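In the two assemblies presented below, subunit A is common to both, partnered first by subunit B and then by subunit C.
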Partner chain A sequence: MTEAPTVLPAAAGIAPVDGEMALGRSLFQDAWRRLRRNKAAVASAVVLVVLALAGLIGPMVAPHSYDRIYPQYVRVPASFEAYPKEDAIVPAFESALARARITIGATEVNGNTVSAPISDDEPLDPRITRYLDRSDLFSNVRIDQLSADGRSGVMLADVSRLQFIFGTDNNGRDLLARILIGIRISLAIGVLASAMALVLGVTYGAIAGYYGGKIDSVMMRIVDIFYSLPFIFFVILLVVFFGRSFILIFIAIGATEWLDMSRIVRGQTLTLKRQEFVQAAEAMGATTSGILKRHIIPNTLGPVVVYATLLIPKAILLESLLSFLGLGVQEPLTSLGLLISEGAENIRGATWLLIFPAVTLTMILFALNFLGDGLRDALDPKDR
Partner chain B sequence: MLLYVLRRFASAVPTLFVIVTIAFFMLRLAPGGPFDLERPIDPLIIENLKRAFNMDKPLPQQYMLYLWNLLHGDLGPSFTRRDFTVNDLFRFGLPVSIQIGGTAIALALVFGTFLGSLAALRQNSWVDYSVVGVATFGITIPPFVVAPILSLIFGVYLGWLPAGGWGAPGSMVLPVATLALPQMAIVARLTRGATIEVLRSNHIRTARAYGLPSWVVLYVHTLRASILPVVSYLGPTAAALMTGSVVVETIFGIPGIGRYFVQGALGRDYTLVMGTVVVIAVFVVVFNLIVDILYAYLDPRVRYD
Partner chain C sequence: MADIDNSILSVRKLDVKFHTDDGQVHAVKGIDLDVRAGETVAIVGESGSGKSQTMMAIMGLLASNGRVSGTARYRDTELIGLPERRLNTIRGAKITMIFQEPMTSLDPLYKIGRQMAEPLMYHKGMSARAARPRVMELLKLVGIPDPERRINSYPHELSGGQRQRVMIAMALANDPDILIADEPTTALDVTIQAQILALLAELQQKLGMAIVFITHDLTIVRRFADRIYVMRRGEVVEDGVTEELFVDPQHDYTKMLLAAEPTGTKAPPPPSAPVLLQGTDVRVSFKIGGGFLSGPPMLLQAVDRISVALKKGQTIGIVGESGSGKSTLGRALLRLLPSEGRIRFENLDLSKADREEMRPLRKELQLVFQDPFGSLSPRMTVGQVITEGLLVHEPSLSTKERDRRAIEALKEVGLDAASRNRYPHEFSGGQRQRVAIARAMILKPKVVVLDEPTSALDRSVQKQIVELLRKLQADHDLSYLFISHDLTVVRAMADYIIVMKQGKIVEEGQTADIFDNPRHSYTQTLMAAAVDTTKFRLAG
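Right, the complex of A and B next:
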């Protein structure tokens, strides 16, 4: 503490030193300034916005649909190169065409087309092109230079180049598309469950704190009892018995996470309700619900926002845990937890199935935690 | 002291009762039953099965019967695992889970407090920053990500340890590490925060002014106060870890009791689910009691009353 004692901010506001009227800064403006100075929090916010956009828009613009199955591309490794690989084209072409039971000459790859002279003892059936069309590798299959007797010609096919940047899963579905839809589901459940916990906890805590007395002690005793129950097990029970639906999952998570929130809000309300502005509102005859809505709840928002930010990763983790146990969202829909659990099962031989979803989930959790810490530092400078 | 312990146990009985009651009726009122199979069975067989499991009686009577057996330490026969009682299942599984969970808690406590106090003593140095950084990492990454990655690196790539299974030498290392890492991170963070605060407090200043050697100040006076939040955190956590982690047991294929709950709930194994709930609740109650006693021992301001 080497600084000389300066003029109190309040005094400076009343008697401006340099003649100009100093503008007061609200709590939120102050917090916003502090938050912007926190590089980790800003970077986390950017990462979160990017991931949220990826979850929202990604599945629409991704080259593959998350439930499209490519039977020829089961468990292909992650690669920036397009599939099929050059040395896989000819064998795939020949093995597909072998089922037509015709004589095939030397197969040639020419840029994006494959060609092979074909001949048979009988006139060629034009339907044999279907053997190739059915494959994910070839499209626009046609027979050219058909001889007059129809017994020989050249089979031509375009090679369809497909990108699987993150590889494909056990069923031949694009992992990138599945991760994008997983981000969407995980974030949606995290936000919705936190919103539900927020509404429940804030309402409950504000009512308990504001009424006080017997009502307060009964309501808080109920919360205490809930605390002592092994709640994760009740989530599992709920999901097991009432089916696995998206709505039930976030209701179950929200219903288990509101306890802390209600305690925080109750504590805040206890101090707020003795303040002059609340007494003034009471004296003016404002209704209880009006006081709660207009005066109490807005003033508890600081810690509530911080806690809600830290609640989202908790909810995402809980959802991932449920999905990991096979109690979360159902195929073909997926979530990051489900993808990680599939990756863990295929850890031998298909490591990309674990690594990409795990990295994505870790990024989301880190970003949310850093942002929450940054918000806490910004809104509650005492705690630094 | 003894009176205090007895009173605490007595106050835990209503909590246990509420938990058992809620779990019992939730299970029974939920749709589906243990004998719903893909293939329809002869109604006569179902009737016999129901009689064997006392399910032909009215629900309140079944509830009283369950409570009566529970008071005698009998958790009943398992519905899905033939020829096993729930007591048997816990007799085999619980030692495994306690072994893994207990080791993890001990490691987390020792290394966590050490790293945490180290970081607090060298606050804002590189030691501090690296401990906080690693702790953030350990808290953020969930066990179901850590476990398969550890298994991949040490079990598959390096081949130093078994990637899964139970009984082989070294098969305990990876599960214990998975469980201990996040707890260690949390303990380190709690210890660091508390130590920084305690170092500024009056009694430490007094101890220093007395001229006590710095190790006495640190290990006797500071640690004793700064470990308080850790103790209250570790109580419920130890209970949770010792009753088995479903994630770790699934990934490493360990025959603990962590999987019983989910498996039991999926198979409508009423007695197994109830048994798991009872065992976990008892662990929570016991560890909370241990925490309270330790608290009063460590913090002279707390009194038994």
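Right, the complex of A and C next:
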């Protein structure tokens, strides 16, 4: 019982001696310095920036478009080796050419070209190259060394080597490209929904908390009513009225997430408005909006920033849930949640379809949570 | 000291450092200290002198970023670096501590009896049931009225003074050799403060333990301590027997501390001075409880029919203990709280004025708060803080002009112009109070309500703030309503005094009359508690 209330030295009055104070260092600058010293948070921030850039620029520079279908490469496993594999070229070449009903000699693979002597009883129809061109494996198909009678020659084709380092999905679309677009969609929804929750929740909570009394009661009961609406029901309602669209998803998520935010901000405001600096502003004759803008809201920002970083992963997960249920983004667009749901269906035959999107989502969530923790520690050193 | 042989706590070259983001803070710089059996030692210093950290280091209670070196021997045991388990057999049993805040040192979830039994259960292995008679005995010892009932009370049901008594009883539970009291009376009203000090002195005589008394207030110490250590910035600048130190201080810092009490008096304004702010029969009541299902609310009369008339150039001191309604009165007069009765400012009747109507008048009626840490928004620069009023009242000013006014106001309160770009947390308490005063002064008000503006400050800083306020009053012909529980400060500031108790005026009059010839018994008690210098203990 005789334990001391642990007091930080700064709070106990051992503030650094005057004199050595540098020019104006705000609380946020202090927090920033503390944050930079937190390795997990810095690493998370780097991971987030890299992933965000990947989501932004990745789809533009990726070798495949996220909606391009390669029928020959349905569900190919993840591999650094280029497709087609060496031993698959000749059979693919021969089976494609077999449809032309001509005699094919020994097929040879020479670097990036494949060639085979061909002959027929009739003069060769140059249109037979189309059989090969149709395949994703070959391009620039041509007939060379055509004999004078046109009955024999050498069929030449360039092998197009395609890389699917994350493999392809059930429709033969490159998983890497789809994950990149998925990152873009998921992060966008996370950020936009959180931003919406932030603006709505902070304003609403600050107003309710500052006015207090009956206004507060009414405003908070409205929040309670919203709380009691099941989220999925609410989303289905929205989808029924407005149809499925990208904007709707983040509005739906934002519209449910702001409730928590408004409660947090209201609680903060209730303690803040009894602080003397708020009373001082009132004694100064400041207007209500001025007090909210200059005093209340800036001082709630610490916990709000922390909560917002934890809100983003929540929004991403909610979006995943919606997509999983088929209420989210529409094909061919995709999101990480949708990719994971597809992967889960194919877990037996094509594990990579689950592993790669799941790892990406986990990385984003981990990074956001670590960053959120780091921010909390940095902004509120006394809570440690 | 010559006879350190019978010292039971002997500290040598104690050094405490804290590693913070701003580099290393050297809180205690190799001090020596001795406590002999049964004596009272006072460690005196202003905030930041390291007086509390010294004791925290000895008790092994430093914050996690603290580092200790040096030695601290209790009888034959070295305390520094002692493993936690061994340390726990000493602290809480042989060396115990009481803290400044009786509000927060007791766990609000446990009954008093249960909490007091804890040290007994832990150190003596008693069961809660077996400890009960001892708890009762302790409660009687510290003079808690009606101990049979109080033993089952929760902390919030006790007053501040009673809670501090409970803390003392807990510290005494295991018959300690040394009781460390860290500012045990600072958070209490003067009359309670005197009672607690008398209790400590009495207990010491009865039980014969040594007391280490940590405080910033030299006047308390004179009545109480055998020996004094004066600390400043982590060093002991002077130590000696109490009487000698008071009569013949050697170090400049000690002399400064002794002279730090604000002096001088204020002459009353000429009788012809016009009345600026007048309240007649002002009443403020608060609703307690009540609501949807809990029946009608109770009404608490915080201010009960009080009339005040503040003349131009006058300073009215409002004196009273916590809960007397003095701050509420100040706010009601500024129409910051809804009140009944008539309030006039110059020729305007403010009784019915709402927020909008009051806004233009706010410029004239300013308020300065007690807590310089809470009254400045931590997210704004000092410049933004002090120019906020200009944004409201003189919105046409250009940014440049506002900045000029800010510099002017800062200079007036004795701060550097460059400080307007800094944030409040970078300033000391006294500097922050100057900022708060600058915020009021920038609007060139006529009336300023000063709500305990010096209570949270060290004595030496208090004096500076009092002088600053006087200078501002003389320069601008201001009228002050000076709310304080500290009679020495009020005596120096005010020319007229109102003594309040439980929302009512018990006595009022010219400062000199009140101090020289207090008529009401409550005023007399207040005076006795604050000004008396006789020793608490009989000789020996």
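Throughout what follows, the second predicted complex is superposed on the first by the 335 of 384 C-alpha atoms of A that agree within 3 Å, B and C clash if a C-alpha of one lies under 4 Å from a C-alpha of the other, contacts with A are read in each partner's own complex, and residues count from 1 in each chain.
Keep this in mind: a residue touches a chain if its C-beta (ideal position, glycine included) is under 8 Å from a C-beta of that chain, and two chains touch if they have at least 3 such contacts.
Since we're looking at a predicted model, the values are computed, not measured.
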Quiz item: Does subunit C touch more residues of subunit A than subunit B does, or is it the other way round?
Solution: C
Self-check item: First (subunit B), second (subunit C), both or neither touched by A:53
Solution: neither
Quiz item: So, A:215: does it touch subunit B (first), subunit C (second), both, or neither?
Solution: neither
Practice problem: Give one of first, second, both or neither to describe whether A:287 is in contact with subunit B, with subunit C, with both, or with none. | Solution: second
Quiz item: Which partner does A:358 contact after superposing on A: first (subunit B), second (subunit C), both, neither?
Solution: first
Quiz item: Which partner does A:324 contact after superposing on A: first (subunit B), second (subunit C), both, neither?
Solution: first
Quiz prompt | Touching both subunit B and subunit C, residues of subunit A | solution = none
Quiz item: Which subunit B residues qualify as touching subunit A in the complex?
Solution: 15, 18-19, 22-23, 26-27, 30-32, 136, 139-142, 144-145, 147-149, 151-152, 156, 246-247, 250-251, 261-262, 265-266, 273, 276-277, 280-281, 284
Quiz prompt | subunit C partner contacts - residues on subunit A that touch it in the complex | solution = 1-10, 12-18, 21, 23-27, 30, 33-34, 275-277, 279-287, 290, 294-295, 298-299, 301
Quiz prompt | subunit B-facing residues of subunit A, complex | solution = 225, 228-230, 233-234, 236-237, 240-242, 313, 317, 320-321, 324-325, 327, 337, 340-341, 343-344, 347-348, 351, 354, 358, 361-362, 365-366, 369
Quiz item: In their complex, what parts of subunit C are in touch with subunit A?
Solution: 18, 20-23, 25, 27, 47-48, 50, 52-53, 56, 59, 61, 63-66, 91-92, 96-97, 99, 101, 104-105, 107, 115, 118-119, 122, 170-171, 233, 334, 336, 358-363, 365-367, 369-371, 374-381, 384-385, 388-389, 391-393, 418, 421-423, 425-426, 428, 431, 436, 439, 443
